[in-house]
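Just dropping this structure here.
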Amino acid sequence: MLRVVDLQKTYPTGDEALKGVTVSVEGSETVAMIGPSGAGKSTFVRCINRLTEPSGGEIHLDDTTLTALGDDALRSARRDIGMIFQEYNLVERLTVMENVLTGRLGYVSAWQAFRRSFPAEDVERAYEILERVGLGDMENKRVDELSGGQRQRVGIARAVIQQPKILLVDEPTSSLDPETSDTVMGLLTDIAAEREVPVLINIHEVDLAMAHADRIVGLHGGELVFEGTPDDLDERGLDQVYRGADVPENVGNGRASEAGADGDALAEADRPLAGET
Amino acid sequence: MAAERREWERFDRRRRIGRFLLTLVAAVAVVGSWRFMDTGIVRPETIPREVGDLLTRMYPPDVAYTARIVGPLVETVQIAALGTIGALVLAVPVALLAAENTTPNAATFWLGKVVVTVSRSVNTIVWALFFVVLFGSGPLAGAVAIAFRSVGFLGKLLGEEIEEIDFGQVEAVRAAGASSAQVLLYGILPQVKPALVGLSIYRWDINIRDSTVLGFVGAGGIGVQLFRAVNAFAWQSVATVLIVILGVVVATESLSAYTRGLVR
Amino acid sequence: MAAGSRTWERPTVFPRRGVKWAVYAGVVGFVIWSGVGVGADPARIAGGLGRSGSLVGDFLPPSATPRQAQRILDKMLESVAMATVSTLTGIVLSVPIAFMAAENLSPKPLYALNRGFISVSRAFNAIIVGIIAVKAIGFGPLAGVLTITFKTVGFFSKLLAEDLEDIDMGSVDAVRASGASPVQILLYGVVPQIVPRFAGLSVYRWDINIRTSTIIGIVGAGGIGSVLLTAFNRYDYRYVTAILLAIVAVVLVAEGVSAVVRRRYT
């Protein structure tokens, strides 16, 4: 279980990206984090495995306090956190297999990594996962020969082979067309469910979030403004997330009692739909 | 309309004045330089005759001399190869220091830049003078000199290549819990590998040319034979050596161009 | 799904794995053979490295008597003068050679001859050209000018010839169609197309020539190089360091000047 308490991030430029955000991801649920661009979604996800160093707050993954770890311990802890990126971030000039096995680097020595001699069970698992994501027989293709959808499948395989305690997913579909986006999101949540891994997805396409997530949290201006199930997310909730309307008292079920006509129109206009990037 | 045209003219005139001044400076520099030089007793108009005279004495090349230069020629190739490999080994850390995105801090960045600048500003032959003092005369000094000269070249260009890499790929490897060495192997190395191979081959090609003169300061290679022949006024042997050098240089240049074409 | 574990090996560019190992073994063998060839035995390297500490001590701090400093200044000016003069002479000679070495403007035999000359010029290190120039016309800066001119011609006419081969023949034809003479065709159809790069390349070559001119004195072809060699031969290492610092400074300044001029005026 991931517990993020009062997470703050201020960039050296003075930009306050996160102003104290508290979020938990439990069991094997899929949590989607929505919000306009610049809301701090990416920063939040990247702070969890400290690719971006948080300025304040605490992050707990099961019994480990990630924010308190030194370099070596952090490296071990990262083995338990799978991450999937917006631009795939695959190593373009390596093969599909090498990219998937990158997920096991934390368990082999540098020399083994150089020789590409990974334990047999890792290789076997890599094959299985590749088949699961629909890339069987593609293991020796170089990543720069693949399409966007195929690349993101490799990205998923790389994260899953880590056998992580949680999957962090940063805008997985914003480089994909709408149809592929939906397929990739479906694949991602299915695999997570099969393996009972909780997922935190940062995504700006509300439709995809509603279709695939168990729970939705909304960020605006570095603050948590919505938390609830997809069903709770009505126009009022969207208003809060995308227009920064005042945070009402009933955060938690997200039910909005009254939504002005004016607000509706704007919310429609502001809300990005699946496929828009 | 008229005002626009005037403005355009003014700009053009300024440009023209700039160019005129630049040409003037160049002209003054050339004339001044010529007058400054003490050209001695040799009169410039006699140069073509003198050079022609020398070339005549080189003909025909002494074919028999070829047998004596095979050994030194092989040595030249060895010096270039070892020098390039040595430079490559040293250049990788230098490049990592001299690249803004991989250098640990400002001090190491400047250290990288200084190593690159010093290596590049000192000619191979000067490096050779230095290493002859250190290792004694012979090809070892030559190989080390070649390596020291090449470090700056490779370090600079490789460093620029590292600055261009996609850092997202590096980050993804780091996010999986990889150690620094593994990040280097999986995140950075694959991205710069084509440049690494291409630049090394290119530098090897340059080093073959540079190795031909090391002999003048006693650092081995075919230059030893060349300068011996020159000092003995054995012009026909000199011609043979020059032809052999030309052949080797042209061959390595084509080989280098071909191999660089293969790397993708 | 095969039972048990599947294995995976990284695909290679070689047709078979055996070939790959043979190539690797060949490379390693070549390096070892080269190492033996140049006499790189560990004891000698260790000995040299052991001495390097005290040797570096001999080189520091740099020092020069006023007379030596004056000599550095004189000879350095001579180097710069040599580089400047030969940039001009080199470029002037490059222009006709470039035209003769441009495939689209020159008859085949003339083209081959000039391309051959360019290859020769580029193949030989300035030191080799320098030593032959010195033997031909005697010691002094004139031999240096000859050397650098020769090297400049190879560099410049190659690039210029490539530019000439890339020019738009349409505009050349247009000038010809208006009834222009061959000289007029050259001036109006060809020259305007290559002038922009010309200026930048000249300054760039001047910068390279400065580097060359600080070295070829070693073989007696004028400039600071002779002072450097003398200092080395007299074991006057602190003076050597002073000379080297002067060379590095001049080279860096020339590089800076060249970069600024190229950025501003081209």
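Letters A, B and C mark the chains in the order given here, with residues in each chain numbered from 1 onward.
Operating definition for what follows: a contact is a pair of C-beta atoms (placed from the backbone, for glycine too) under 8 Å apart; a residue touches a chain by one contact, two chains touch by 3 or more.
Model, not experiment: these values are computed from the prediction.
K.L.:
Measuring from the mean of all protein Cα atoms shown, which chain centre lies nearest?
P.N.:
Chain nearest the centroid of all protein C-alpha atoms: B.
K.L.:
Report which interface contains more C-beta contacts, comparing B-C against A-B.
P.N.:
Pair with more contacting C-beta pairs, B-C versus A-B: B-C.
K.L.:
Among the chains, which one keeps its Cα centre farthest from the Cα centre of chain C?
P.N.:
Of all the other chains, the one whose centre lies farthest from chain C is A.
K.L.:
Averaged over CA atoms, how far is the centre of chain A from the centre of chain C? Could you give it in whole Å?
P.N.:
Computed from C-alpha means, the inter-chain centre distance equals 53 Å.
K.L.:
If you average the Cα atoms of chain B and of chain C to get two centres, how far apart are those centres in Å?
P.N.:
The answer is 7 Å.
K.L.:
Taking each chain's centre as its mean C-alpha position, how far apart are chain A and chain B in Å?
P.N.:
49
K.L.:
Listing for chain A: what residues touch at least two other chains?
P.N.:
In chain A, the residues touching two or more other chains are 98.
K.L.:
Give me the residue numbers in chain C that touch at least two other chains, ranges are fine.
P.N.:
In chain C, no residue touches at least two other chains, as defined above.
K.L.:
Provide the residue numbers of chain A that touch chain B in the complex, in ascending order.
P.N.:
Residue positions touching the partner: 49, 51, 75-79, 81-83, 85, 87, 89-94, 98, 102-106, 110, 113-114, 158, 162.
K.L.:
For a test of understanding, state which residues of chain B touch chain C in their complex under the given definition.
P.N.:
Counting only chain B, the residues touching chain C are 18-19, 22, 26, 29-30, 32-34, 36-42, 44, 46-47, 50-51, 53-54, 74-75, 77-79, 81-82, 85, 117-118, 121-123, 125-126, 129, 131, 133-136, 138-140, 142-143, 209-210, 212-213, 216-217, 220, 223, 226-227, 230, 233, 238, 242, 245-246, 249-250.
K.L.:
Hey, which residues of chain A end up touching chain C in the complex?
P.N.:
95, 97-98, 116, 120-121, 123-124, 126-128, 131, 139-140
K.L.:
Help me check something: in the complex, which residues belonging to chain C touch chain A?
P.N.:
Against chain A, chain C makes touches at 1, 4-11.
K.L.:
Flag every residue of chain B that touches chain A in the complex, lowest number first.
P.N.:
166, 168-169, 171-179, 181-182, 185-187, 190-191, 193-194
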